[in-house]
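Each of the next two complexes has subunit A plus one other chain: subunit B in the first, subunit C in the second.
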Partner chain A sequence: MNLPFSRIAFRPIISTLLRQKYAMTMLLLQIALTLAVISNGLFIISQRLDILQRPSGIDEPNIFVLTSSGFTENFNPQTSMQADLAELRQMPNIINAVATYSFPFSGSGDWDELQTLAGSDQNTVPAASYKLDENGIDALGLSLLAGENFTASEVLWQTEDNKTFPSVAIITTSVATDLFNTTDWASVVGKTIYINDIHSVVVKGIVLQLQAPWDPVGQIENSIIYPRVVTRNSARYLIRAKLSMLQETTADVEQYLGMSNQQRMIRKVESIKTIRKQVYGPDIAAITILLVVITALSIISAMGIAGMASFNVIKRHKQIGIRRALGANKVDILSHFFVENIIQTTGGIFIGCIFALGLNVFLVAQYALPKLPLTYIFIGIFCLYLLGILATLKPALKAMNISPAEATRSQ
Partner chain B sequence: MFGYYIKLALKSVKRNPILSLLMITAIALGIGASMTTITVNYLMSADPIPNKSHQLFHIQVDSWDPNNAFNDDEDALPNQLTWTDATNFIHAKKALRQSAMGMSGAIIEPAGDDAKPFEASIRLAYTDFFAMFEVPFIYGTPWESASDNNREQVIVLSKRINESVFGGENSVGKTIIVDGRSFQVVGVIDDWQPMPKFYDVNNGAFNETEEVFMPFSLKEELELPNWGNNSCWKSPEGEGYSAFLRSECINTQMWVELPDETAKAEYMGFLNNYVMEQKELGRFPRPLKNRLSNVMQWMESQEVVEEDAKMMMWLSFMFLLVCLLNTIGLLLAKFTGKSAEIGLRLAVGASKADLFKQHLVESAMIGLLGGIAGLGLAVLGLQGIKSLYGDFVDDLATLDISMILVALSIALLSSIAAGLYPTWRACNIAPASQLKSQ
Partner chain C sequence: MLKMTDVKKVFRTDLVETHALRDFNLHVGEGDFVAVTGPSGSGKTTFLNIAGLLETFNGGTYELDGQDVSNLNDKKRSQLRNEKIGFIFQSFNLIPDLNLFDNVDVPLRYRGFNSAERKKRIESSLEMVGLAQRMKHLPSQLSGGQQQRVAIARALAGEPRFLLADEPTGNLDTQMANSVMDLLKSINAAGTTIIMVTHDGQLASQARRNIYVRDGKVSEVNDTDAATAPHLAAV
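Then we have the complex of A and B:
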């Protein structure tokens, strides 16, 4: 007994396809372009997903921030901040609170240049600068891997223009690696580094991760923490609530601070989650748009393939009848159309690989996208075979059911 | 004859409803996707002040670090000015109109016991700002240029602030408390949102216009906080606000209006002389390089159009191409199916040209229907973009007449182009072969 698919006549199939040169070219180009867009699109999506998954190092779900702006002539920022923080820290639902203008996703902050040797001709490592008191590590939820936290006596309370520089700092593992080319964190503790070529500080501790508030240089993991609190009329507090107490705590804090001092106003009360969503909004949007484009493109391609196949079924109605009358069984007819489709898809894929790589070269040159890994082309190829077979299913079934009696009917 | 072709085309579209629907949907999706992205790109790169964009120039001078250029690109100039240079340029008064500017913010306390204080953003500028950028006023006028020199506490309000503080009435001459000090209102401007916000692209090219305007000279007088971007290659020498202002940190933008090439050349000469003089004083350690960019050049150099938007546009063009290839394939199939009918018409005396016209009308009709449906999809797409990116793109996501015309012409042209080959093929069949019974 013959296996059903061993009776496929490849030569006649190919020669029919070659006879429809132009329609075939259109179809092949379509498949090829679809492959190019799908593979590059999926690649861009995965790049964006990587950005979204970057760890910030902080206890994101439980932190919120707010701004307290004093607006009267005799408002004293330092006493107000100290009173507020003391009160916040003893509230039952709050783990800790800290005053800071920058935090991951805040979108603004200073960058410093760090170096291991003094002198203006040294290589420097950029790092985002955070100014926190001894409660900062706990309030952000950072994990200290080596060394120690700041002590209260090390913390400098300064106005913005005060230039006194602290003597110690805490850095992230990524800064430690960039500066000292090591992963032995304990060995970095106690070393002296130079900030912006002039100030020297001793590394007091290493934290695992702390994302920079914004990323102008592509070094988002690089941060340095100084034991400083900068006092301004407008202060920003970062508050870490106990697990799943965020909403209640936010309301309590807002109410308390609003009542406690009439010389200021409380504004911009936002959770880190909300701010994060805004920061990553464009990436989320790009992912959504790409997914829509890829889906729509797949549907269009499937429609094109299905349209051509149905047209062929109608055109070959009589011939199919004749083949059936001459002894071809239903599986032969079905497999004829599927093989035809697989040959088409394969042809399209050959051209498509070239298109996909070409498009990638263009995107690399214009928009600094990395090179396309071949995996994405393989995913695209798999999708296209699946799409082709699904699209051919209905017309092929219709062809299969053409009765042999059709051969005798005149059209 | 044209009417007759349209009738035939309609008939033919109706005869294969599914095939026709497929083609119309394909064109509609392609047009919808590409119009959505074209619109966003078009609005991002629009000329925000078309009648003057060639006369307004943003000033750049290279005051940066002797060892490093402003960024990785060796040719890059700092994108803002130091307070010192901007103030000197203003005092030199070498342009027809000129304004240094910066961003700040303060708490406004409306009168009345139950009115809550709120925070407002401030644009610090010189009085020429309003005339230079053609800012529309509802009440009053810009402040006098004496106010700039004398550091008077005068203020121009946006329409929205005037509504929330003064209930929308003519508030010129009244006082308003800003940052704990009283200011005299001299004018109220109408809604004004240049898109992009070209005069300060460093602080968000699509951000909202500031809520109040006051003389730039008050920045030093009142020590107003610096809200915008600030970059330094060297720490300020000394402590205090004055040291910050007089440092090499850049935080000030400056625009000048220069009516013609001569004025521009003269201004360039002035800038070069200025830098040479400053070099004698030990500033400007880098090689002499200054630049005047007009509005469009400035936006181009600051890459105002988001790369994502451009990338999406290219992808959507490829999408449109696939949709058109699809239509060509389907039209080929459809016209081949009509060969018997074409043969008959040729045999009874229709010329090839007649048939060609008839089928082009048919493709054009499909294109037009697809284009109209595509416009609907583009409106939906733009709604989607709004909901994805949030309110700030509101003005970026609207279709105007020219975009609608572009969409319809792309649809029409591309469907005709798609129809050309299938039509040509259809018209070149030998009538006899088609008239025989199969």
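Then we have the complex of A and C:
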């Protein structure tokens, strides 16, 4: 049995296509450009999605933050903070609360350089530094894998100019791996690490994950927690509500804190979910724009392919009738147009691969993007073949139904 | 070999119903050379289209080479058309983008011949019409007579039982028309059955048998060989 494509002559189809120089060149360039944009666009989208989907390590859905700003001369920040936190921790719908200026998505904080041996010639590991009291781990919803939490006596309540450094710290698994090249977390507990080659602390515990507040160095999983609370007139509280109680608790807390101390004002009450949405707004916008561009370009390419195929069907109306008269069945005619499309698309893809890799080299150089994996080119190629087949379908079906009697009709 | 009995063909639009063939009866035997003449609109081309399985019909029966073709599907009709019938058209109907070799190759590919077999047949048929040296030329590089010879080569390459010719010399000058006619006669002499639709009485007279079609019916038969070939008579 002969397969439909075995009855199609490829060489004459290529010769015929090559005679349509200008139209073919435009179409090939269009296909090539579409491939370049689809491949790179999908790659960028997948990277952005990875960023959007990565877990922060904290109990995002149930946490909200607010700022308490003291504005009178008699306002005592430490007394106020301790009173507020003690009261918040007593409230029925709150799991825990902590005072902190930094948290994942807050967009500001300090970074320290960590090393396992003292000395300026040692390799260092960057890590975002958090300052939390003994309730921090519970308030953030972190998962302590090894070692212990801080005790109340280890926590230093300090003003900003107090430079006393704590003797212990808790680090993330990512920091532990980078520093000690191990996944045996228990073995890291009790080891000494050096901070900015100035201070030393003993690792007291290891938490699974705690994202940095922002990521200037591409090490977002690296964090270290010190048992410190810095007291300022303006304090930020991070409060973890019980499951599904976020909205109700937020309103209760805002009302309570507003009434409890007239020397300060409560502002910037936001859930982590809202803050996350704001932080990732540009990524979501970039994904949306890229999807629109990819879709628009695909539609334009499909229209170009369909237009070319339709034009060929009209132009070759009589020829198709002749082929039918000479023995082509409907499937032969359908196959003929699909083969023609596959040849066109293959030509475009060949040029498109060069475009796609070229565009990626440009993006890598200009925007420090990673190298385009070949998988995305293959996805782009698959999309274009599918697009080509779908775009050719209607004109090809029209061609298929041309009567063989067209051969005997005058032009 | 070709037997049409009470064949009817009606073309319908929303407003008009045209009876192109009415109770059309014809029996053509093997090796015959039949010229079909008649005024414009008499149904000659419709007959040729139905005979060549290019169109379906509305009533009656049609047997081609002993096979009833009335209810065949498109695939079967295409296959039968490809295997048993060769076409020669008034305007040659070569595919302009293909060279002579590829033009003759078209029906052979649909036949499923392998590459070597196709090459052999293409070269031999182009040789027969005297154009073997020009097989890489495009149709536009040939005269009308030469193009019609290529069309004949294409029709014959598959060794069909029937050759259906629609005004084969209609676009040619007298000298070229005669040369094409001589070629058709020699093909017929070699055993291929030919049915030729023509307006040209002089050309028709060179066929072994003349059919005159009027108002969609065979109205007159002039059978030059009727005495020796009684099976050629109209039914």
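FYI, the second predicted complex is superposed on the first by the 402 of 411 C-alpha atoms of A that agree within 3 Å, B and C clash if a C-alpha of one lies under 4 Å from a C-alpha of the other, contacts with A are read in each partner's own complex, and residues count from 1 in each chain.
Convention: a residue touches a chain if its C-beta (ideal position, glycine included) is under 8 Å from a C-beta of that chain, and two chains touch if they have at least 3 such contacts.
This is a predicted model, so every value here is computed, not measured.
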Exercise for review: Based on the superposed arrangement around subunit A, label subunit B with subunit C as either clash or fit.
Suggested key: fit
Practice item. In the overlay, answer first, second, both or neither for which of subunit B and subunit C A:Lys318 touches. Key: both
Check your understanding: What is the contact status of A:Gln366 with respect to subunit B (first) and subunit C (second): first, second, both, or neither?
Key -> first
Practice item. Determine, under the contact definition given at the top, whether A:Gln344 touches first (subunit B), second (subunit C), both, or neither. Key: neither
Check your understanding: Does the superposition put A:Met303 against subunit B (first), subunit C (second), both, or neither?
Key -> first
Check your understanding: In the superposed arrangement, which partner chain does A:Ser15 touch: subunit B (first), subunit C (second), both, or neither?
Key -> second
Practice item. Using the superposition on chain A described above, determine whether A:Ser271 touches subunit B (first), subunit C (second), both, or neither. Key: neither
Check your understanding: Put subunit A at the vertex: what angle do the Cα centres of subunit B and subunit C make there, to the nearest 10 degrees?
Key -> 100
Check your understanding: Quick one: subunit B or subunit C, who's touching more of subunit A?
Key -> B
Review point. Of the partners subunit B and subunit C, which touch A:Met26 in the superposed model: first, second, both, neither?
Key: first
Study note, to complete from the structure: When the two complexes are superposed, subunit B comes to within a least CA distance of subunit C, in Å, of 9
Check your understanding: Which subunit A residues contact subunit B in one complex and subunit C in the other?
Key -> 318, 410-411
Point to revise | Residues of subunit A touching subunit B in the complex | key: 22-23, 26-27, 29-30, 33-34, 36-37, 40-41, 44, 69, 71-73, 120, 161-163, 196, 198, 232, 234, 265, 267, 278, 281-282, 284-286, 288-290, 292-293, 296-297, 299-301, 303-304, 307-308, 311, 314-315, 318, 359, 362-363, 366-368, 410-411
Practice item. Using the touch definition up top, name the residues of subunit B that touch subunit A in the complex. Key: 19, 22, 25-26, 29-30, 33, 67, 106-107, 109, 116-119, 179-180, 225, 235, 239-241, 243-244, 306-308, 310-312, 314-316, 318-319, 321-323, 325-326, 328-330, 332-334, 336-337, 384-385, 388-390, 421, 425, 437-438
**Study point:** Complex contact set, residues of subunit A against subunit C
**Key:** 2, 6-9, 11-12, 15-16, 19, 318-319, 322-332, 403-405, 407-408, 410-411
Practice item. Spell out the residues on subunit C that touch subunit A in their complex, using ranges where they run on. Key: 45, 48-49, 52-55, 74-75, 78-79, 81-83, 87, 89-91, 93, 95, 97-98, 102, 105-107, 109-112, 154, 158, 166
